[in-house]
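Dropping the structures in below, format is structure tokens.
One chain, subunit A, appears in both complexes that follow, with subunit B as partner in the first and subunit C in the second.
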Partner chain A sequence: MLNQISKGLGRAVRAAAVAGILVGGIASAYAQEVIGAGATFPAPIYTKWGEQFKAAGGPALNYQGVGSGAGVTQIINRTVDFGASDTPVASERLASNNLLQFPAVIGAVVVVVNIPGVDGNSLKLTGPIIADIYQGRIRMWNANEIKALNPGITLPAVAVAPAYRADSSGTTNIFTSYLAAVSLPFQTNVGAANSVPWKTGVGAPGNAGVAAAVQNTKGGIGYVEYAYATENKMQTPQLENRAKKFVKPTIAGFNSAAAQANWAGAANFAASMINMGGDTTWPIVSSTYVLVPKNPSDPERAANVLKFFDWAFKSGGPAADQLHYIALPKAVQDQVRKKWSAVTANGKAVWPAS
Partner chain B sequence: MTTAAGKSLIGTRKPHLADSSFRVSLYVAGAVVVVVLASILLIMFMGGRQAFETFGLGFVWSTEWNPVTSVYGALPAITGTLITAFTAILIAWPIGFGIAFFLTEICPLSLRAPLGIAIELLAAIPSIVYGMWGFFVLAPFMADNVQPWLTELFAWLPPVGDSFFWFSAPPLGVGLMTASLVLAVMILPFIAATSRDVMLSTPQLLKDGAYAMGATRWETLTGVVIPAVRGSLFGAVFLGLGRALGETMAIVFVIGNATRMPDSLFAPSASIASVVANNFPEAEPGSIQLAVLLGLGFILFVVSFGVLALARLLLRQERMA
Partner chain C sequence: MKTLAPHTKARHFRRQAIDMFMSGLCIAAAGIGLIMLALILWMLFSKGAAGLSLDVFTKPMSSTGTGGGLANAIVGSLIQVGIGSMIGAPLGMMVGVYLSEVGKNSRFASIVRFVNDILLSAPSVLIGLFVYQVAVAPFGSFSGIAGALALALLAMPVVARTTEDILRLVPQAYRDGAIALGSRENEVVRKVILPAAFGGILTGILLAVARIAGETAPLIFTSLGNTNWSTDLTKPMASLPIAIYRYAGSPSADLIQLAWTGALLITVGVLMLNVVSRISLAAMRRG
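Let's look at the complex of A and B:
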């Protein structure tokens, strides 16, 4: 009996010790934690990088995919260490809030279709045709405009059922920026933004919602991030790029867009990668942005944010590939690192920290 | 002696104190409702004031919803809200009454409890589950089977000008009709359970009297049960209507989220609640969009209030007649 009690006591002491270590561990991890919030589009890759960065000895990353708008608000209010936005923030707003903006990773948007009896991957479409579809001007898959581009494909007399993002989204911004760039009517009637006045079609929540809406509807067409289309094995038509070549969505095509972009000439790295030149270039590519304060109140935390992205640029490539994102071109990474000297505390740049 | 007097004093004061504090706490409980209601209404209105000031009455009557040019009219969302809620009531009302009458009069006693529990379980399903069921199961079924059939059946209905074509539309699956059906299933348990309780409260003597007179079950239902509990039955329906007007998560999945005026009963549309849910996360503080969303909340409040007030008014007239 005594023996049992002492055993029990021993267990309790050990449990208390473990709990103490845990609490201590959490407390010290919290002190070093990097807190970010914003766009949902890069959330998977930031989270993955965060795990790998921690495994490599860095502080833990706590990233909340609350949406680009909320991310910008939170960094302006300085409630997080960095904000993330799918669309670049206007220069005046960056200046008035003392923020530095840089691109973190590149993503592509692809068109997905579900046409009975047609291999969507071999279907060819152009930007103006897609713009007409989303304005209700082309209503059937066997419309003359589509037939003319696809002489080898028998297109059925099925109604086109366009799907779009119901929620306000950076993906919509990228997609509508492309359509507005290639179609004047789309630019005047619809425009480009996170949420636009669509003329036809149905809205579904999130990338997953649009993917499901297309797969559920005969004649469906939609747009999703490349990763979603790949993971769900969806049919992605070829698009005509600026060089008048039909291209399939491939990592090479996205990289080509990133290489074509005029990074050096763009203020705050807000370089457009929409409808770039080059024979292999995929036309709907965009980078997602990170916002950090230029005057951080806590230099150590600010340094940790920059260390994290420095690590991600250097070693995050394989994870990006795996999750179907595109790492920034090497030259752009170096330009970004140079700009980090603008983040100062007590008159000293926080990066590279000693 | 003092102790004795003290004791007796305490003895008389105690229940008195308990009684008055009970009274006060009941007043507080009653006041909480009014204060919460008034503060929600006030906060919604204050938050949405910028929208009302910018767009004037056009905010309620304009059909244009354009986040790109920052022009916002709420009419498409108001229309979608009213059409789905009333269509849902039209579907759920007769079925709910049927279930209630079946449970109280016709159902074998041994089946009553399990069926009653099944209905209550239907009410316990979270709305997001209804949304996913509607999106993945009901929507494709509607597109492939129900809609083509209804389109053909009602092909004779003349369109309203060239802006509303009743049942004729491309089969997209999601839209007003699917949303109404999902809502109908969601409010059905409320209507059924409340109507059952109400029907159970019909004095047995009245029903026995009717049966003794040789009345059929149909005659008993329409001639005795319904007149006896009419007011409460309306109450059951308006409870369902209230829920249908404000339902959000399920609607986001199945209504099609189109802030345009619907051109048929199958057209994708939007409800006030779904528009707010879709746009709120990205609306920036201080922006006109946020004001518009809060203003929409205010409108939804007023619409729900108006519908319920109208219902009460109808009910009162009915009683007087």
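Let's look at the complex of A and C:
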């Protein structure tokens, strides 16, 4: 019997091995592939850039949106060529894992609302009011604080129904960083992180989940990445920025935030773009980051990653516009390229590779 | 017919009433299950069919607005589920045969049975993380073969369980008869028990294939997914469940449509697998 089993096992293993070889053989001669994993937010633009980069003669890119946290873990474990995170990684962690961090593209978070009978796009809100809504201090849309800001709008006596991300999310981090920056009570009671102890509201998974929760709830309010609001044609209230001006979420407003950020003074490019000055600046803007090993085991693959982002900086602008992202300011791109010399193999920088 | 005494008659009616009530509950329960299935299928067809086109089967995944398909995900799923089944099903069958025919109620068999039951109910994401630790992290690369291994580990306990259950249904007289005719133990299993239980074992294997075909969690950290064409088992590989998972959360309507279409494809695929196997089983029985 045992003999029989081992014979059967041998046969099964052989069958599987043969199948594997057959299948693997068909694949064979594919060119080098650049493999990245991490934040879901930049996945659409990385994929788009990847296709255009390949069309321009570069290697194929495979980017998988597994989440910022998982992206950092994967590059630390060196299972991918680059990791991606919506929030900058702490300097000590970068150093201890021999990682170089640089920003790749900029995005904005917008507030979305669904108030019966009200054009949400003309509604005006301030950060402290939103912070109060998310702490359960403002419960109705016709609260005095909101009415005072919107004299021309008849606000209904509808309960405010806040929605937030149920999953750990870079979007939540950006949004709560903004609320914590403009509201001291929010900073002490809730704080800023990928997931926070919300005082009120319902959780929904992903940007799409929050968008759906707001669309399906009378009086709903939520926060999503700009692309989700645009693609779903959702109503996005104006926010008061640091210069006390009410601004609509526009690419120009996001660009203004990027231009105001103190890139040169930030270690590892972790420059904040939250609540920046400037009359037209949208207050909730952040860049998404790329992580590469400084000591790559395969210099060619590491060079391909840097070639890809070099190409994206140079030629990726139109695709970024189309998908509602903001390209890095030119000056920042040049600063990033300079830092790439820290990626070395055998004592030589892998970029620019001859 | 004898007339019933009044109290017997009352008892008769009470029993009939209880019977009708209980039958009603059973029918209602079955009805709820069927309605749920019908609703799911209706939802899948109404949302997924709109996106069905030749492109879905011929073009690989691509970015929004470029009319990509799911061809690489379909092929990736076939490869990983195929290899996963080829590894998991024979192993599971051997465990099932051991438990039913060799180990029976021995102490070791009880332990194997217990461990198998734990594996059976282990969350699939744990299996994925386990394979990540043994087959991804040490090699520094996500790979299609790691995905297939994770699926094999999920299929194995299902097949082991169903195989044992089916073999136990084979009448003891078959075994006694074969041994009386001078067969050795392995001949009894190979030539009498397994053929007698063939249909049931195949059903168990198909159940396992159906289960792993729809698994997402064990693939995320093993085969990772791939937006490009790749059938290289040592590289990240696409699969339908991961494609659905990624596209469903996308902001773009065209990718969300592809996610629905992908879900429809998996469901129809599993359904077809069941139907075809049942038909061929019936044909084999007749022939």
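Note that the second predicted complex is superposed on the first by the 323 of 354 C-alpha atoms of A that agree within 3 Å, B and C clash if a C-alpha of one lies under 4 Å from a C-alpha of the other, contacts with A are read in each partner's own complex, and residues count from 1 in each chain.
Here, contacts are C-beta pairs under 8 Å (C-beta built on N, C-alpha and C of every residue); 3 or more make two chains touch, one makes a residue touch a chain.
What you are looking at is a predicted structure, and each value in this text was computed from that prediction instead of being measured.
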Partner chain in contact with A:66 - subunit B first, subunit C second, else both or neither: both
Using the superposition on chain A described above, determine whether A:159 touches subunit B (first), subunit C (second), both, or neither. first
For subunit A, which side has the bigger count of touched residues, subunit B or subunit C? C
Mind working out whether A:181 is in touch with subunit B, subunit C, both or neither, as first, second, both or neither? neither
Give one of first, second, both or neither to describe whether A:191 is in contact with subunit B, with subunit C, with both, or with none. first
Which residues would you name on subunit A as touching subunit B in one complex and subunit C in the other? 66, 70, 205
Subunit A residues touching subunit B - in the complex, by the definition given at the top: 66-70, 72-73, 139, 159, 161, 166-169, 190-199, 201-205, 209, 212-213, 216-218
Within the complex, which stretch of subunit C touches subunit A? 62-66, 79, 82-83, 86-87, 90-91, 94, 97-98, 102, 136-137, 140-142, 145, 185-186, 189-190, 220-221, 224-236, 242, 246, 248-253, 256
Under the definition above, what is the set of subunit A residues touching subunit C in their complex? 1, 3-5, 8-9, 11-13, 15-16, 19-20, 23-24, 26-28, 30, 33, 35, 37, 40, 43-44, 47-48, 50-51, 60-66, 70, 77-80, 205-208, 225, 227-228, 230-232, 297, 322-323
Residues of subunit B touching subunit A in the complex: 64-69, 135-136, 139-140, 143, 170-175, 252-253, 256-260, 268, 270, 274, 278-279, 281-285
